[in-house]
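Structures given as structure tokens follow.
What follows is subunit A paired twice: with subunit B in the first complex and subunit C in the second.
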Partner chain A sequence: MEIQNSKSPAEKMNALNTIRNSINKVLNFIRNYFSEVPLLGWFIGALTAVLLEQLVGRLIALSLGLPKIPILFGFVTMLKHPYLIPSTILYMLIVYILPIVSIARLTVPITNWLAGKLLVLPIIISVIIHLGLLYLIMHLWSGISDYRVLMLKFTLIAVMVTLSLNVVNGYMGEFSCSHPGFMALGAYGASICTVVLFVDDSMFGPALLPPAIGPFMFPVALIVGGCLASVGAFLVAIPSFRTRGDYLAIVSLAFTFIVKSLIENLEIIGGPRGLSSQPNWANLPSIFICAVVCVWIINNFVRSTLGKALNAVRDDEMAANVMTVNTRRTKMTAFLFAAFWAGVAGGLLAHVLRYVNPGTFGIQKLAEVLAMVYFGGLNSIQGSILGAIGFNILSEALRPLAIYKWIIIPSMLILIMIFRPTGLLAFKEFDVKKIISPKQKQKKEVQNVIASN
Partner chain B sequence: MKFFLQNMINALQWGSFYSLIAIGYSMVYSILMLFNFAHGDIFMVGAYIGFGITTLIIGICAASAIVLPIWLILPLIIIISMFLTSFVGMFVERVAYRPLRTAPRASAAITGLMIGIVFETVILAMLGAKRVSFPALIPSVTFNVGGVFITNQKIMIVLVSLGLMFALHQFIKRTKWGMAMRAMSFDFGVVPLMGVSINTMAALTFAIGSALASAAGILYGIAYPVLDPYMGIKYGWMAFVAAILGGRGSVMGAALAGFLLGFIQIFVAMIFPSTLRDLIAFSIIIIILTLRPHGFFGEAYSARLRL
Partner chain C sequence: MSLLLIEKMTHFFGGLRAVYNYDLEINTGQVRGLIGPNGAGKTTIFNLVTGIYKPTEGKIFLDDRSIVDLKPHQIASEGIGRTFQNLRLWRHMTVLEHVKMARYSKLTYGLIGAFFGTRKRRKEEAENEEKAYHLLDMLGIRHLTDQVVTNLPYGAQRRVEMARALAIDPKILFLDEPTAGMNPEELIEMIEIIRQINKELGLTIFLIEHRMKVVMELCERIQTLVFGEVIAEGTSEEIQNNPKVIDAYLGKEAVS
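Now for the complex of A and B:
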């Protein structure tokens, strides 16, 4: 008598394939359903969602049985109080998912028409309107609590750091461990600039310039920090001419240790005790503007000829040299440019925390920054943004698990590395015009082709 | 002069720790061409395994009133913990590196870093944040040789590590597996064509490297009896630097570079204020790498034209 439940390998493969096919069908259905929604539609949907939360969020939360509005999309609430999971999911559906999805889909004719009209004007107007909407969404979302403001600030700073590391690691293919050093230099450079010049401090004495003009000099202080980090990048760039990838890792690691040790030994700026009393000038609008400028400039850099030279140096340095790419100048430019933005991000971090000490810029910061880049994806702007946002949200959402957070996050990253070794969204182009343009419904035969693939 | 000799003894001791760990890094780097950033944490796990075995054996001896002589306990502990830590190394290879053998090397480096973090967190979760102290095995006897004070612990550490390195050298030079390892470091792609399985060789390399790291961990525990979960980061990365200084393709070069790094650190601390130790030691390393980019005994980087 044959045993009934034994399946041949072919049948097992068929079962797996049918599951995979059905998941693909669902995903394709969702993708097609929302393929017509332009970015403007999503923003308007998100705007209504955060307005809804501002106005009636607390009421809805209390009526569902939640003690207060879930702070971070309900993740923390679900982990801390598992009995509240149904209420949290309901809250997320009512306040976030349903408004966004329904309004985005319903306003498709209006938003497509509007996006089309905006494209006729110079593209800068459309971009500014989109960014203004995005800032409004962030402002309203974070109006609920200070924790959200801090989260947003840290995430935007992480976006800048991840982008600058992607320039070196992703676009140029060098494994560089020097970014904590660049951030430290930028943080201390900007802090010293601000504290010495504008703050009456116990360590440095009275302010040298009137504190009233301070907030306008804040960008100058950040640029000074960035330039200091760039000067430090010389120490990494010059050995990089002679050493290949493996040895560059050591040189950049040595650079990080040197910077950390140097700061710890300079008693005049506080040494291991750190530097505090930075003024409170790093508010959400200024960090948002810095992040937007960073994305814009880095995107232009990697799409330019110099950026393509970075890719050439990564793919085959000797061939690039033969094809008139000046590899030394390319490497130097890439390191200095990336160091500048890492320095600016470090300066912003110092002013958000209003305290900086050399211990924060060690091996753990290196592991975090590398994790963000490889999580999101190499050689792509969207990848860096996704990596920074995803890693930060994950890190905050799993906080109630205490020490086990640091088992789950590395394991997830290991799985991502095994299945997609270059990251989730690697090697994509960030085309601004394509992102803000009105979307058209894809023709039927194209849909079928995509579905069958 | 006495001061100099005293520091020389210290440098030899530190050099033996760095060498044993650096050999593990260098073997994996030469044979499999990847950086094993988890090796420092394997050193830490090896030290903790040694601590566990020691307390176990001392407990058994106390409970059953068997008195084992010192010269039996210590090698027993070292051998058992080397054996157990080699499984940890093979686990790391199987989980983190084998699926990524065809992937870009940077991804494998990230995976290694992440497994290192997992090890640290597991030990932290299992044993708590309190530092554990390694039980004292050898009563400390200090010899006074012409004004220089040498403890028997230091002598034993240096002798044990030199013995292990000699054993490894003989293994690589005389056995068939050693020959296979040398062949893999010479030309990676030809070895499977000659009937040697890369998976076996990779597992063996990691096993030997982890065993040596565990020996270093136990010796470190004997010299400085306080263990904490983050010691792998400190000493592992220093030993990584030593492995690179030694150069690719040369395991004994890594051992010599480990001793050199120990000397640099101790003598820099001797001459300059000790807070500047890291700063000056790493500056010296950058200078060495700028002048001789492929390490002391490594092969020069020769680019092959792929047509």
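Now for the complex of A and C:
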């Protein structure tokens, strides 16, 4: 009996191990097979897929028995009508996966050559071409329906917010809960600017400036919103940065509530009813540009020695101090900087919704932003981008499940916290040059590593 | 003219007298030692001079300038580099990043440079990198440049800390038990490194040590600290034969 009992768990472990090994083998094979594909190749593959959908997507969908093109990768369709699962999967396979995979793999020699050629030119040209392609893909993809446009806008804004919170919670290692407050300040700041200056509004009277110059002043309004958020951050930072630890979390949480109730009680800007009639300037290109600028500047910052000082402060503040780092200034700068971007994102959000009310920026928003940061990964730009995109897609895809959504998403978060406590892609450097350069086969490297071990 | 001058420095932790009437005068190029039993207040003296604690009383001058009211990062920029008894490295950062970070106060590109990646920033970062490589070469850890420090063996971590302290271009280097926890080979290497830093860079060194071998070999003059007070000061022979020192280390019975 005893022997049998002791044997069966071991056998189970063995079976589990073999399964895990075979999964790893398959994953490694896939990784190896596509290791040569440069980013350019993936973009061209995606572009083909999106074009295909645009041209014959409807036809394919109808012939597969789907009522229309699945809007968000078919998640919603599958959850609502389980009998459509096979045809939805087939659709995804035909329209997205097969074209992307095959074209990315087949064009490897061409795209690698092209990426290499582009790198000879100044890096900025190569980056602009990549970004242009990315925008084209997004534009074409979202051309199918307005819902996709809205989704993309929200996702890009979420990327900005997540990134800015990651500067504080990831790079600096403090725990700030004030991002909804900063977003609210930014949203109201930017909205008041645009509504007062360029819109004939019942609340603020006629426009002060001709609306024609409005779109050019939109960035200024966003910057005003961002600066307002920075002022708020300054007020939080003064009392809470004297010490480390929980104080910032508590003070910043209080700040979020203060901002919310302050706006609720300011009748001049609409109080709890909110503020509406923002001009429709936050279109996809402008949000895309904002997000790119945000990623660029934050990445520049965290990769400079001035920005790395944040990591030094997080890992050992005393050592940082003794190594000439002005820790107080470093922390202040980073906090105001993060708040600025949260404010800009808030301003964009207000102009996407064209309505803003204080209720949006409550504890639920905080939970969402924190979830995106910790889901994606601390201390990494890729992590934040992945976190924002992943979380947004997930929460939209699970929308048909209604209330169960809020059981599934948190439990996934718990699982991630257990198995990868710092998030999916934590502590990575975002090296643009490395990302866009042509790829070599990795096999040789792997062998070397094995040999050296 | 003395490089570092400390006069009548006293410090209390609440009611506990940690350091009392401490005097020190170090001239350029010297290697000085500070020994004493556990809890004598040696590290407290380091913390007081580097600004982590503010002395209750006393004056500290570096190059005839009072540094007693400066913040730790300002004192460091003035030219006091130090290492810690139990390593204080930044666990998520690479070796190169450590050394570059200590050049923080030398950077002038400011936030504009940090945000937009200006030419000035690229130039300064490249200069710092070169300087960092030079230091890594000197301490024999060039091959570890891109390693995260937590993966390194203990001896290498000590060297990283030393390289980091040297990167701030110090006038005087404070070493807090530089050989703690090292095996005999590492110990000999570390003594060599300290000697090299003193001879080649002409750097003044002030070190705390527990191992007599290291102190006797390196230091010109040694102070012995017991309960926050200097009980003896002199050359290594004088210290070794001083009955008060033997008392403090071995207890009264051993002498009699």
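Throughout what follows, the second predicted complex is superposed on the first by the 432 of 453 C-alpha atoms of A that agree within 3 Å, B and C clash if a C-alpha of one lies under 4 Å from a C-alpha of the other, contacts with A are read in each partner's own complex, and residues count from 1 in each chain.
FYI, a contact is a pair of C-beta atoms (placed from the backbone, for glycine too) under 8 Å apart; a residue touches a chain by one contact, two chains touch by 3 or more.
Keep in mind that what you see is a predicted model, and the values were worked out from it rather than measured.
*Asks:* Output check: A:297 vs subunit B and subunit C. Expected answer is one of first, second, both, neither. What do you get?
*Replies:* Touch partner of A:297: subunit C, not subunit B.
*Asks:* So, A:258: does it touch subunit B (first), subunit C (second), both, or neither?
*Replies:* In the superposition, A:258 touches subunit B alone.
*Asks:* Between subunit B (first) and subunit C (second), which does A:107 come into contact with in this model arrangement: first, second, both, or neither?
*Replies:* neither
*Asks:* Could you look at A:321 and tell me whether it touches subunit B, subunit C, both or neither (first, second, both, neither)?
*Replies:* second
*Asks:* Output check: A:278 vs subunit B and subunit C. Expected answer is one of first, second, both, neither. What do you get?
*Replies:* In the superposition, A:278 touches no partner, neither subunit B nor subunit C.
*Asks:* According to the contact criterion defined above, which of subunit B and subunit C contacts more residues of subunit A?
*Replies:* When the residues of subunit A touched by each partner are counted, B comes out ahead.
*Asks:* With the two complexes superposed on chain A, say which partner A:142 touches: subunit B (first), subunit C (second), both, or neither.
*Replies:* Neither partner.
*Asks:* Please work out whether A:306 is in contact with subunit B alone, subunit C alone, both, or neither, and reply first, second, both or neither.
*Replies:* A:306 contacts subunit C only, not subunit B.
*Asks:* Residue by residue on subunit A, keep only those touching subunit B in one complex and subunit C in the other, then list them.
*Replies:* 318
*Asks:* Going by the contact rule set out above, which residues of subunit A touch subunit C in the complex?
*Replies:* The contact residues of subunit A facing subunit C are 297, 300-301, 304-309, 311-312, 314-316, 318-327, 333, 379, 427.
*Asks:* Please name which positions on subunit A make contact with subunit B in the complex.
*Replies:* 169, 173, 175, 235, 238-239, 242-247, 249-251, 253-255, 257-258, 260-262, 264-265, 317-318, 363, 367, 370-371, 374, 403-404, 406-407, 410-411, 413-414, 417-418, 421-422
*Asks:* For subunit C, which residues count as touching subunit A in their complex?
*Replies:* Interface residues on the subunit C side: 50, 52, 71-73, 76-77, 82, 84, 88-93, 97, 100-105, 107, 109-111, 113-117, 121, 125, 128, 164-165, 167-168.
*Asks:* Subunit A touches which residues of subunit B in the complex?
*Replies:* Within the complex, subunit B touches subunit A at residues 29, 35, 95-96, 99-100, 103-111, 113-115, 117-118, 120-122, 124-125, 233, 237, 240-241, 244, 248, 275-279, 282-283, 285-286, 289-290, 293-295, 301, 303, 305.
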